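The structure under discussion is supplied below as structure tokens; questions concerning it will follow.
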Amino acid sequence: MSTQPANPPGPVSGTAPGSEPILQARGVTMRFGGLTAVDGVDLDVAGGEIVGLIGPNGAGKTTFFNCLTGLYPPTAGSITFRGQRLAPKPYRVAEAGISRTFQNIRLFPNMTALENVMVGRHCRTREGLLSAIGRGPRYRAAEREARQTARELLSFLDLDRHASAIARSLPYGDQRKLEIARAMASDPGLLLLDEPAAGMNPRETLALRETIFKIRQRGLSVVVIEHDMRFIFNLCDRLVVLARGRKLTEGRPDEVRADERVIATYLGTAPAAAPGTAEQEASDAR
Amino acid sequence: MFQRSLAVLGAVAGVCGLATACGSRSQSAHTASGSGGGATVVKIGLDAPLTGGLQALGLGMQYSAQLAVDLANKQQAVPGVTFQLVAKDDQASASIGEQNAAAYVADPGVAGVVGPLNSAVAQSMQSVFNQANLVDVSSASTNPSLTQGPNWKTAKTRAYPSFFRDITTDAVQGPFAADYVFKTLGIHSVATVDDGQTYGVGLVETFSAEFKKLGGQIALAQTATANTTDYSSVISAVKSSGAKLVYYGGEYPAGAPLSKELKAAGLNIPEMGGDGNQDPTYIKTAGPASNGDFATVPGAPLAALPSAKDFIAQYQAAHFPAPYAIYGGTSYDAAESIILSVKAALAQDGGKMPAGDAFRSQVEKAEQAVSFDGATGPVAFDQYGDVGSKVITMYKIENGAWDQGVYSGAFAG
Amino acid sequence: MTTSSSTGLTAPGRATRRRLGRGADPLVGKCLIALGSAAALGSTFLSWTWTTAFPGDLTVTGYPGGNQLITLFLSILTLLALGPALLPGGVPGTRWIAPRGSVRLLRSLSLANAASTGYVVVAIAWELGGVANYVAGTWIAGASVLLPVLGAWLLPEDDHEPAPARPTPRWAQIVVVFVVVMLGLLVTDFGVTTGFSEEFIGFCLGAGFAGRGLAASGLFDRFSALTAANRVATGWAVFAAAVSFVFLQSSDAYTSVADNILIFATVALGLNIVVGLAGLLDLGYVAFLGVGAYTAALVSGTAASRYAHVVLPFWAQALIGVAVSVLAGLLIGAPTLRLRGDYLAIVTLGFGEIFRITMNNLDGQSGPQVTNGAEGEYGIPDLRLFGYDFGRPHTVLGHTLGRFGNYYLLLVLVIALVIFIFARVNDSRIGRAWAAIREDETAAEAMGVHGYRFKLLAFGLGAGLAGLAGTIQGHLTSTVTPDQYTFSSSAPPNSAFLLAAVVLGGMGTISGPLLGASLLFLIPDKLQFFHNKQLLLFGIALIVMMRLRPEGLVPDKRRRLEFHERETAAEEAYEELVVDELDRSDGLDELEAEARA
Amino acid sequence: MSVTVLLQLVENGLVLGAMYGLIAVGYTMVYGTIQLINFAHGEIFMLGGFGALTVYAWIPGVAHLPLFAALPLMLLGGVVVAVAAAVGAERLAYRPLRTAPRLAPLITAIGLSLALQQVVSLWYRLPGGGNAKAPVAFPSFGGKAFDLGGVLVQRADLFTVIAAAVCMAGLAWFVARTRSGRAMQATAQDPDTARLMGIDPDRMIVVAFAVGAALAAVAALTQGLRYGQISFDMGFVAGLKAFTAAVLGGIGNVRGAMLGGIVLGLAEELSSGILAHFRDTAQYGQAWADVWAFVLLILVLLLRPQGLLGERVADRA
């Protein structure tokens, strides 16, 4: 188990990777019928750490994400976040402080950008039916707070000009960013990004990296699945390599880069998996 | 600029208001300027399901009442008065019926209403009619509680002074059938099946009470949902109960399959039903096995009644687009009774129409006292508003057709 | 793929439309409109036929009546709309009527007048047997309404972006809102109180075309901007108009119709929370109305009730009715809302049947005596609230309110409450959660939205509102029987009609179900010949609406986008990619499914 | 309660269940291919009955044939009408909505169901001038029932069971052995891949609708023969029950539909029959049969949403 940080690129050394892990996944296993998509994977993420999750197509990365976020109840294994065991329900996981984006953008396409982010704020507000009807001062304060947070996040991701635009009408790159804004609205401690750079051009990818660093500066840990090797090697403190559902290895980017097994099973066999292209990973389980 | 626009807007609003205010001459007109030549127009309402599944019955009611009105106008039954039938469709719905009742009450020209068909609709209409003292004569709703109050079995009380009916209640049909089964057929063990609807349940209830009183045994009592056709579980229970006759409370679409399946299951016992079963389709559906089944119908057989001959002839001569159906005779009589009450009420005031509410109360009083020989027999109302005559006829299926009525009699019960 | 309703296609179509009057002098057109409308206006003061046999008595010379009123009103409107086009810069004080140019308004209005008046003229000949029944007035009316149509098509298009509204003082805006709403009331009142089908058809033809014209002229947009800026005032104006309806009525004849519409609309609004906001298809919704009605009836002291000795005040009846309905909703929703939506539809359909059969069977013979079986609870006493007996006439402000008038006022309060709840909940954290669930439940859950809980909330809330309406309905009809609450029957409210009202009116909106319910109730009520075919036509209407205008007559912006998602997406290339990926993620869901099994 | 009575109830249940199963296959096949609950399927069943009756009543001479000779003709008529209606509905109503939100085809199906009922009720005419507003008589077998040691088997029952068995065998053969059948299976499992393999999914969907409609027509014939009448609104409850059967067996699974039908039929007959048999519970018999059926549906959804032979469970969306 190597939790030692690599030399973090970028101006982030101020945060404290290496402290107590906030996420502890132990022996996470997911079987679909006869197929084992994820097989006994362990993962620790420290506060403020950026971890990359890589592996060839079908390695089980997204399935692992889905297990972490409660979309799939894992067949075996346990996931602990901030010392608490997570119930395999997506809304519980979100409440506990893990938030995610999706491999295929899953915004609420016909709601405005602002509303999208406000839905992300959902689990941090408590107003029920009666207060929504009665609209007391508490309700109005909460609603104002939610709106403000949403606006602040939109401007954090440089989306404020789109606030009242329908999500579906946003440019592709902005939709990706809007998904991140929505995910951050629930004040998560850990952000899971599933191929955030997919479909982006090199300039957008570069901007995305800066954004992720900025997110980390707000005290969030980030786990990223990505196929763009240049992007991920320059972004992450640590890389975890999955292959056929198992953890192959993990370590600092330079360690992983040098690992022969990784080269053999991943880079070696798939040199065509050129970084930076909009690669469409077939569904992990197939 | 803005103020000017406002002024224009105001002017438009004013014109509209004015136009609405002086409109609607058709509703308030009491005197027809047309054919009657200054005669007073008195309206008679008719409420029935004129569309939907019960359409055939409702239209029969409408045209029969229309016939009564037309004849009264032709014969100048009430000098100086032209009658007009105002038909409304209640779609067999209680809320629509109530809405129609309100519309009748609101029209001061309406002196009385014929109908409705369904007992539930009649219930919802009565509080509206009763408040306005508007006479309602039902020619088809047979639920006893309408006239004799909710506790009619134990303590009869008149529920609505403005409500009358000239058709025999279910409370008579059932006991008549029980009497016939026990005494004439000599059967002492019967299974009852009903369709869970007001009519069917009422029939079976009154039948069973009388049958037990006579000393018979109800071997089995079953309810089947109204639209069911599968009676296999009922029949296997009937079979083991040893009953010698099945009394069915309901209508033929569900009664006929029961007969068919009974016989198919090897139970050669007759089925007996009420007027809901007496229909040619019953025989078509149940097949030859239905020979020997019975059905009771309130009133003497219309076609055989000398008093109805005239009605039938006139009806056919008028070429109405639908046959008079089951409730034609009673609807004709109901309209006739209102016409006679109007006549009596007017006679009291020297031929002049009393103003407003007084007129309706006088018609109500006259209706209570009405007595004449109608198409279906003598029509006069007792203290509950029910018709005095309680004749029932028993029909039997012989050689694939309903016979002419094997037995007809008044039930004293 | 349907294209007819995608907004993108109408613009080029409009541009290439052949213009009849290209090159003709617009002055001729204007003169024709003025002349025709004035003549039509005049003709309404003449008699249109010599026999009273035609409904509405059009034999009177001297003042208009029946269908003539519609012609009169439309002629005035046409003349008014001619104002902006008449002088250079328009007749002072009339420019407000057409912010986007008056030509399209003129065309619609002249069409409205021609359709409505022309229909009457044809109907006179048709129903009375030939043109022998025409008199001079008929010919004048018939000919004069055609002139404006010709004239309006001679005018060149003048469609332009509306000039920004002038700043007007707050009080003036509020006055305008009130005046317009009251005008709307008069028009509605006219429609509801039409006494015969010819008048109603004429009204619908006129109102339909004129409404389109006013929308095209930009006046509606301007007015909705005004209402948006004065929401509270608009709310009060509409409320005041709704209340004053009853004071326009001289008897209960049409108040009883309005009562039934209000109940129908209230329940439709409740259903719209379930279907329109939360996206759950409930096919047994009318059962909740029944639950409320039965519950209130049982403890109302009617002699038919098993608990006849229990006589609770109405507020207690309403509370119990709502509570029992909510409970029923939760009982049905709890097991099924975890499953996919289709199952919910069929289970609610089954629940509707169970409710009806159970109420029928609790008659002391097929089950314990509770509901009095098919005979139902009858003789339910009239409501009493704070000593106010709803069954007796009362004199309020010099106007006698009959029984139905009393209930009308109560129902207006109830529907106002339902609208209030609908609007507030929709515009809140809960409403956003519902929208999110509707659009992408998986993503919503990942964002912390407890999907099941919020669906259950919608289901329970909808059930409760229907139950509330039911408690009043029981007293109003004084009879509650099981067969009032079926899936489909010829008279509203039943589940099929309710769904039709929501779908035709517009899912997710407030005015949609109101409009839908009014139309679905009034059309069969006014048009007797329609009775037999209404279920057929509603069925066809559902199919056609889903195909051509799934968002309904009064569309909700978001709903419209949802229903036309694929059509607009086709224009955007990158969407293809997303669609493909989504398909694949469906495959994943299946795998997940297997894993659970 | 004697064994004979119990066996008689079982016999009744099997026959009723076979009929439910025949209708349920249509729900299941359509659901299996396009995940649509075809609410109008009950009306397709009803149309099948009227198609058969039309052949009997309107084609001269058919009514005079012995019933067993007329049956094939009637069956043909029923199948033709039902299949035409189902395929027409698919082409005109459902296909344009294939990519629309889920609510749209569901509402369309309800509209279709209302409209089809009304079309028959308003315009169907019998030779004598009768209409179909009330139930109409349907020809039925004369002759005595077969007595198997006290258990009576009606001729119509025999027809029902044989027809169901033949249909299921035929269906199994069709799915397993024919090109179309295999293509349909492929489409159901993965429409995209099937398309890549050169299968036209639209055609397969039409086949699913048509096969389901044909079986529903057979069911309608058995219904008419057994009860001696058919009506324009008989599709509503029958459709609901058949859907229950389909869910019971596991929606999407063809064999499951038949099994679900039989389980439902047995449950309904046995519950109401046994209850009706004892004096104390007689009142909860036939009157509550539909309630028990729907309670069963809710229980199944609650406890085993994938059904008895279910392969898929409801997804989250």
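The letters A, B, C and D name the chains in turn, as written, and every chain counts its residues from 1.
Everything below uses one rule, namely that contacts are C-beta pairs under 8 Å (C-beta built on N, C-alpha and C of every residue); 3 or more make two chains touch, one makes a residue touch a chain.
Note that this is a predicted model, so its numbers are computed, not measured.
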| item | value |
| --- | --- |
| Chain pair with the higher count of C-beta pairs in contact (B-D, A-C) | A-C |
| Inter-centroid spacing, chain C versus chain A (mean Cα positions, whole Å) | 46 |
| Approximate Å spacing (C-alpha centroids) for the pair chain B, chain D | 39 |
| Intercentroid distance (Cα basis), chain D paired with chain C, Å | 37 |
| Shared-contact residues (touching 2 or more other chains) in chain D | 237, 283, 287, 290 |
| Of all residues in chain B, the ones touching two or more other chains | 55, 196, 221, 223, 225 |
| Of all residues in chain C, the ones touching two or more other chains | 357, 360-361, 365-366, 440, 442, 445, 532, 562, 565, 587, 592, 594 |
| Touch relationships between chains, expressed as pairs | A-C, B-C, B-D, C-D |
| Residues on chain A engaged by chain C in the complex (per definition of touch) | 30-33, 69, 71-72, 75, 89-91, 93-95, 99-100, 102-111, 115, 118-120, 122-125, 127-129, 132-133, 135, 139, 142-143, 146, 166, 168, 172, 182-183, 185-186, 199, 278, 280, 282-286 |
| Chain C-touching residues of chain B, taken from the complex the two chains share | 1-10, 12-13, 15-17, 19-20, 22-27, 29, 32-34, 50-52, 55, 89, 91-96, 98-99, 102-103, 105-107, 119-120, 123-124, 127-128, 131, 143, 145, 149-151, 159, 194, 196-198, 200-202, 205, 221, 223, 225 |
| Residue numbers on chain D that touch chain B, as the complex places them | 1-2, 5, 8-9, 12, 16, 130, 133-138, 140, 142, 144-145, 147, 152, 154, 223, 227-229, 231, 233-234, 237, 269, 272-273, 276-277, 282-283, 285-287, 289-290 |
| Chain B contact footprint on chain C (complex, rising order) | 51-53, 55-57, 59-60, 63-66, 69, 72-73, 76-77, 80, 92-96, 166, 168, 172, 175-176, 179-180, 182-183, 186-187, 189-190, 193, 195-196, 251-257, 259-260, 263, 303-304, 357, 360-361, 363, 365-366, 373-376, 378-379, 382, 391, 402-404, 473, 476-479, 481, 483-484, 489-491, 528, 531-532 |
| Of chain B, residues touching chain D in the complex | 53, 55-56, 196, 220-225, 227-234, 236-237, 239-240, 253, 256-257, 260-261, 264-266, 281, 284-288 |
